[in-house]
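This is the structure I want to talk about, given as structure tokens.
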Amino acid sequence: MNESVWLPLLVIASSLIPGVIIFALAERRVKLRTTLNLCGALLKMALVGAMLWGVYHGQHYEVRLALLPQLELVLRADALSLLFVTLSSVLWLVTTVYAIGYLEGSPNRSRFFGFFSLCVTATVGLALAGNLITFLIFYELLTLATYPLIMHRGTEASRRAGKIYLRYTMAGGALLLVAIIWLYTLSGTLEFTPQGFLDGIDEQHHPALIIIFVLLIAGLGVKAALVPLHGWLPEAMVAPAPVSALLHAVAVVKAGAFGIIRVVYDVFGVDFATLLGVTGPLVIVAAITIVYGSLRALFQDDLKRRLAYSTVSQVAYITLGVAIAGPIAAVGGMVHLVHQGLMKITLFFCAGNLAETLGIHKVSEMNGVGRRMPWTMAAFTVGVFGMIGAPPVAGFISKWYLGMGALEMDQGWLILVLAASSLLNAAYFLPILYAAWFCEPSGPWPEERNFGRKETAWALLLPPVVTALLALAVGLLALAPFTPLAWVEFVVQREFVP
Amino acid sequence: MVPSSEIPWGALLILLPLAAAILCFVWPKLAVVTGVVTMLLLTLAVGGFAWQLQREGLYQHAVGGWETPLGIGLYGDGLSLLMLAMTVLVGLAITLYARSYFNQKQARVFWPLWLLLLAALNALFLSADIFNLYITLEMVGLAAVALVALKGGRDALNGAMRYLLATLLGSLTYLLGVALLYHSYGTVDLVLLAERIDNSPVVWAALGLMGAGLLLKTALFPLHFWLPAAHASAPAPISALLSALLVKASFYIFLRLWLVLFAPLGGDVALLLGLLGAVAILWGSWQALRQTRLKLLVAYSTVAQIGYLFVAFPLAAAAGAMLWNGVSYLMLSHALAKAAMFLAAGNLLLFGGHDRIAELDRAVQRLPISTAAFALAGVSIMGVPPSGGFIGKWLLLEAAIEQGYWLLAAVMVVGGLLASAYIFKVVGYAFTRSTATPEPQSIPMGMEWAALLLAIASILLGFTAPWVFALLGIGDPFGGGAP
Amino acid sequence: MMNSDPYGALLWIVVGWPLLLAIPAVRRCLPMADYFAILPALLLLLLPMDFSSTLSWLLLGTGVSIDGERRWILATVVLIWALVAMKRRATPHTTPHGQNTFYLLTLAGTLGMVMASDRVGFFSFATLMGYSFYGLLLWGQSKPLEAVRRGARSYLICLIIADLLLFEALLLSAFNPQMEVSRLYLLMVCGAVVLKAGIWPAHFWLNASYRAASPLSALLLVLPVVMALFALLRWLPLGHVDDGVAGLLILITAGASILYAGWRFVQRPVQGERLAWLSLFASGWVIASVGVGLIEPLWWLQYGTLIYPLIAAVAVILLMVALLRPPPASPSQSGDSALWMGRMWIGCSSLSCKLFAGYSLCYKAGLQRAKQLQNGLERRDLIGLLSNWRNATTLFVLLGIALAWLVN
Amino acid sequence: MEKVTLLIMLFDLLLGLGLLWLAWQLLESRNLFKAVVLFVAFGLLMALAWVRLDAPDVALAEAAIGAGLTGALLMAALAKLPSRDKSEPLADEKGHWLLRLALLLVAAGLGYVVHSLPESAPGLSAEIANNLASSGVNNPVTAVLLNFRGYDTLLELMVLMLALLGVWSLGIERSTREEPVGPVLTTLVQFLTPLLILVAAYLLWAGADAPGGAFQAGAVLAAAMVLLLLAGWPLQGLLTGVALRLMLVAGPATFVALAGLTLLDAQLLAYPPQHAGKLILLLEVAATLSIAVTLAALFLGYRPRTNKEPG
Amino acid sequence: MNTALLYSLVGIGLFSLGLYALIVHAHLLRKILAINVMGSGVFLLLIALAKRTATPLPDAVPHAMVITGIVVTVAATALALTLMVRVAMENHRAELSDQSQE
């Protein structure tokens, strides 16, 4: 029975310990740092695989550490948390390879990789959290660990971006803290229980619970970049590409979305949330975010800012799926958590490649890139088609389930929103493809670095291609046994079956 | 009741630093060695004391064999153990730091003063006699003044003078309160006073006078005018010492008196204290945000954090002992974090030759350990989760929300946000490059690691709350009033 | 899982083989790639019996099958491909490298559409065929002309909207099967087919492409029309639904497009355009028959099966005309009337903003927006107008309200 | 009420008002030198008040330390101030009426509180009485000071040492006075110094039974040393380095040593009754020595350098 | 109005006078004098109230306290005076400069 205790701890340690060691490493110890990073990532993948296998067979993993007299630090690996843990550990390995290639020769990499591992530790911890206070601890640790990464370049712009990022996330954290404490005073416990633990609370506390829900969603909405609180995401694009790839497209943004999933399913419980009538407004907010994000993306000339706004709209799908409060929509929302991660990280890797190899930052500079960097643009194209929701790629599956879920709960107008969003996605992604594949390059590339026969360094090229293939495979073999969709159905089936 | 053949750890805690101070005074060449050795012995003594408390519960010892009310009673329970531990932890770091900070001439004076101060603090935390507390307060005050003025310089001298006047005024008012209590109840011993106290005008006057004196020394909002100048202009280890230990010593006495004597009649006085605390949080944080010099920023942050300690008073009536556990935990983590911050700020000042925040030229790359220490300590000051400050803030907020004090809860949260604003302002500037790049002076490793170890300790406090509360509970300091 | 008989594997090879060849690396080591690509399809045609195979794990459980009706369409596709392959062999200059990839991708998409046994598979192969055909259109010539580029762009817009409509229809039908007979479903499918096949209201892309088409792409342009009509037959549950109104509506559009095509054909248009009106004329008749089928399901049950040979015949005629009287080698630069679609868009948006400006929430802001839109329209720089994202959002919201009001 | 008590009542009233008037004059005087002189007078009047309140020990201490030594310190400091602000114009009295009102209220409140205290309260006189026998001395004040609350006195000696350390770290070496000392002062000094030493010795010895004790003796001895310093005797030349520091530390060191010894049988500062008296005497001698030298050093104002030490 | 009460009131008077002078006057020497006067005030109160014992001998504990107080006050005054001299040298006048030098 004891390995059920140390496995979650080992998963956390597998990125924490290398991180701490790397902090202490001198700058020139490149080989040691790379090996530490890579075997840390591989070890984590192996451990997560073991846990996946265990949870699939009903094994129970839980670690409890006394934090406050009645409150404990709980790490519990249930089906939902493993979904997010698998995503972040897979993408961490890929992004580490990418970061090693991307940061070749740039200063203070020890600091970068130290904080990088800290961020992943926070993300995995946040996913494995068994109660709200553990979630809050890792949620704030994530903010603290991402801040230095945004500031990594040390320019004035990054400082300004860092300040904006903090303003949002700190305010969000404060709201979350107040809400959690208020909830604790009302409910007496913070443990995540499948159908939520609030239905026992008597009637007169319901208005308070509604306010708590609003505060929780506001606190988590900052990281999930819901509309009024999304300001920091486009600003954070000033960070180096691996940071914006793993963190601002996957880890940080998903932390917010994952938090919303936890709050709606494991704190309030779906039917209690609908009873309170809070899911309606959440659907509206998510819809507005989807449309607004895509619309703003339409008018961004800077490639990474366009991808950032697209992330704002795509992450709102997850909130939409959760807020529709139907089983099929839940499947759509949660599976989009994984699919969007794969697709968006591909796009950011390609954007990073373009910036690093050809010095292209603007969409207007991308004419004729397809011929110069065919493999990168091929991966980019797969990512784009995924975003639009074209069938073979992963995006289609999640849009399919979201659409079905919307119909199931007879919210017909949501189909319109999904359609509009796909239209807008096409509107702001296809011109890029058109320019890349079908136009002639207008003049020489801004700062071209050629790598001989290959279009760019292998460490920069391999990750986007791998993630693009993953996105394609996840889309194509959706119903196969060990895919995210199957796992999500396994999760939802436990969530909704009373 | 006298511990049998046991080693009298309590008495040792007081006599050891006194003897060492005398030794240092007579043979200055041995100063540094004696200082370090005494610090290690003190750590051992606190450990022994804690183990003794654990086994035998409350530590009560009549000095000179004379029973109270005639003689002076030493009294050690969970709360004094916490304060002693805090003193030793911060003391270790400061000893490590000061070893390579002072030149030979200054060290000759620093070590005896520092050991006398340690002795006074230990005596203060173990005494249950309010007149004895007056003498220890006076001793602490004078030693602090002498230390602040140690390196000279216009700001330091002005700060020291203002601090001396404030501390003398505080002591005299406190003494007047002691006189009134003695002459109305015939004893100066806390234990006996607790039994004899009743609701007479004398007690109100005593509360007013002693409260005013102690609040002046603790620098609660309206009476905080002397703190920023004194704490910011003092040499680094001394400002760390001041902010971490001294401010807490007078708060400890106020807390003792409040729990033992003044709690029953403290209804609206508690509310006033809470209000002053709230204003202190907002005003201190706002001032800290406006500062352009690093040490002044950290000093104003102390003013704000003291506010947190007083915000708990109005909540005390309804909340159980857990609230006071929260307050003492906040005190402990603030002491460690603030000491780390001042030591880190001292390193940055020594390294860059100035402490203008806007020109912390790439401190992250050039002075990584100190900047890391500052940032980690900042995390604990802000009360952001993985830190000790978070546990304290959580308990306070829980009590505030449970009893419906929305204003206090809001102030605490806004205080946290303001704290994160001014700390990340500094950390932000540590990343960027600045134009003026004076030739940096190298900082010895011991000084940097002293700051970092303290900061890490304040973060680790986030995970050790249950054990600390267990130790804190010995002798039931926050129980039914009677210690 | 895949049923045991070997022919099932053959079906997958028919679709998989061209996909494999589409990868440049693979094609480099096989000389006559385009001929070999059709071989499995040719082989399948020769086998008389029908069979099918489904893979439950692939993309929500898709499958492929072959039966009588599909053989007609498969034959047409193989014919088109053979002619195009021969034509490409005939024209001496080397086709640009990328064109082969798109060429084979389109082939795979078409074969997939023909063989798909369920709607999700059909839809995914349709998108694959659509987007690769767009690539083919653009890379047809060595240096695509402005006219071809404009034609291709309008084709893309139609393609995206059509795919969206098909996706929604797919969702509706997958959600609860009896929705298939609802009018909304029928209208959506017909709208999508109209857009894809270039029937009357959306015929501009076909017209523009034919006008600027080279002899080779003239042949190729037959493909999307045939596939769109085939889609219509696959998606509409003809014979089990008797929705008079929808049928009538389709009949009217078909009639209108036939008349329009005939009238334009008579005006002796430029050589390339004649082919466009001819294909419009023919597909108009097919749509008309489907319309009648909707009105009289019984009639359809009797003669329904004839539609497939009819489509095949239409395709053959078009091919023959394209071969005998090919359009001029260097397509004329005739600047046809401005983008018809663009004009239609401006018209309806100005109408809607006039109509809705009055009722919009903040009256003054609405008016100011309308005025902006108005003078924006005068200046005819639609793109410039839309580039200010506030206008775009208001326009979008207005459209959203209009659509929502229409739907429910 | 007999005439005598009426007379005493009148005297007390007079003394009280005198004290208040003198304090007011002292604090509000325009000239600082005048203020210091008034302060010395105020100290003497306070000594008179202590005698009136049957507190002889305190009277002695006040006279020697409060009036004498503090006055000397004030004079020395005044001399060191930059000349310009010897006679400092008083700050104008703007807007202080609110402060006056507040302080008046506080004083009235305290007065009411003191008035509400019971007429007679035994305090701890009973406990002292029945414990005096075993304390080793029969002067109650010395008993309390050195035995019952010996711990306080230990800390108090430490405070003195603390102040000295502070003064030595801040003090700046001043050249000794150049102009020759007048004959009158030298003869006065030659006559007074032995007398003062004799008085100090007597006070020390008498402390056990009658008013007196370590602090008073120390103060008198310090007065003698200050006189010598003023008369130009190079005391700071003679007493330097370790010797000086040993004498300074004598009192506190013996106290701490004694505390350490008593700690062996785990009872801090508990003198065995049979030779408590002798121990207290030992303590008193050491304390007198170190108090005298400390107070003199405080008056000197800077750390005397041994010739081999540089600046 | 027995002697104990009279002298206590005088003590309180001295304390208030001293406090007023400490706050009002800017010159540091006056402030130090004010502190000494306040000290004497408190000591006077302590000893006066000790006189209320039934026996002729007053309560000795306050006496010890006052002696300790006097010694502590003289130590504090010595330190204050030295500090005042140093401040006077730095500020060129014996008053506190209000804002710390930038």
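Residue numbering begins at 1 within each chain, and the chains themselves are lettered A, B, C, D and E in the order written.
Here is the rule we use: a residue touches a chain if its C-beta (ideal position, glycine included) is under 8 Å from a C-beta of that chain, and two chains touch if they have at least 3 such contacts.
Since we're looking at a predicted model, the values are computed, not measured.
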{"item": "Co-neighbours of subunit E and subunit A - touch as defined", "value": "B"}
{"item": "Path length in the contact graph (subunit A to subunit C, fewest steps)", "value": "1"}
{"item": "Chain-chain pair with the highest tally of contacting C-beta pairs", "value": "D-E"}
{"item": "Rounded Å distance, subunit B centre to subunit E centre (Cα mean)", "value": "27"}
{"item": "Distance from the mean Cα position of subunit D to that of subunit C, given in whole angstrom", "value": "109"}
{"item": "Chain centre separation in whole Å, for subunit D relative to subunit B (CA means)", "value": "32"}
{"item": "CA centroid of subunit A to CA centroid of subunit D, Å", "value": "74"}
{"item": "For subunit B, residues contacting two or more additional chains", "value": "70, 131, 135, 138, 142, 145-146, 149, 152, 176, 182-183"}
{"item": "Pairs of chains, among all present, that meet the touch criterion", "value": "A-B, A-C, B-D, B-E, D-E"}
{"item": "Subunit E-facing residues of subunit D, complex", "value": "8-9, 12-13, 16, 19-20, 23-24, 26-28, 32, 35-36, 39, 42, 46, 49-50, 52-55, 57-58, 61-62, 65-66, 69-70, 73-74, 76-78, 80-82, 84-85, 88, 90-91, 96, 99-100, 103-104, 106-107, 110-111, 114-115, 117-125, 128-129, 140-141, 143-145, 148-149, 152-153, 156, 159-160, 162-164, 166-167, 170-172, 213, 215, 291, 295, 298, 301"}
{"item": "Partner subunit D, residues of subunit B touching it in the complex", "value": "2-6, 8, 11-12, 15, 18-19, 21-22, 25-27, 61, 63-66, 69-72, 74, 106, 109, 112-113, 116, 119-120, 123, 131-132, 135-136, 138-139, 142-143, 145-146, 149-150, 152, 176, 180, 182-184, 186-187, 200-202, 205"}
{"item": "Subunit B partner contacts - residues on subunit A that touch it in the complex", "value": "65-69, 73, 107-108, 111, 136-141, 143-144, 147-148, 151, 154-156, 158-159, 162-163, 166, 170-171, 173-174, 177-178, 181-182, 184-185"}
{"item": "Sites on subunit E touched by subunit B in the complex", "value": "15, 19, 22, 28, 31, 35, 38-39, 42, 45-46, 49-50, 52, 61-62, 65, 68-69, 72, 75-76, 79-80, 83-84, 86-87, 90-91, 96-97, 100-101"}
{"item": "In the complex with subunit C, residue positions of subunit A that touch it", "value": "291-292, 295-296, 298-299, 385, 389-392, 396-397, 399-400, 403-404, 407-408, 412-413, 415-416, 419-420, 422-423, 426, 430, 437-438, 475-481"}
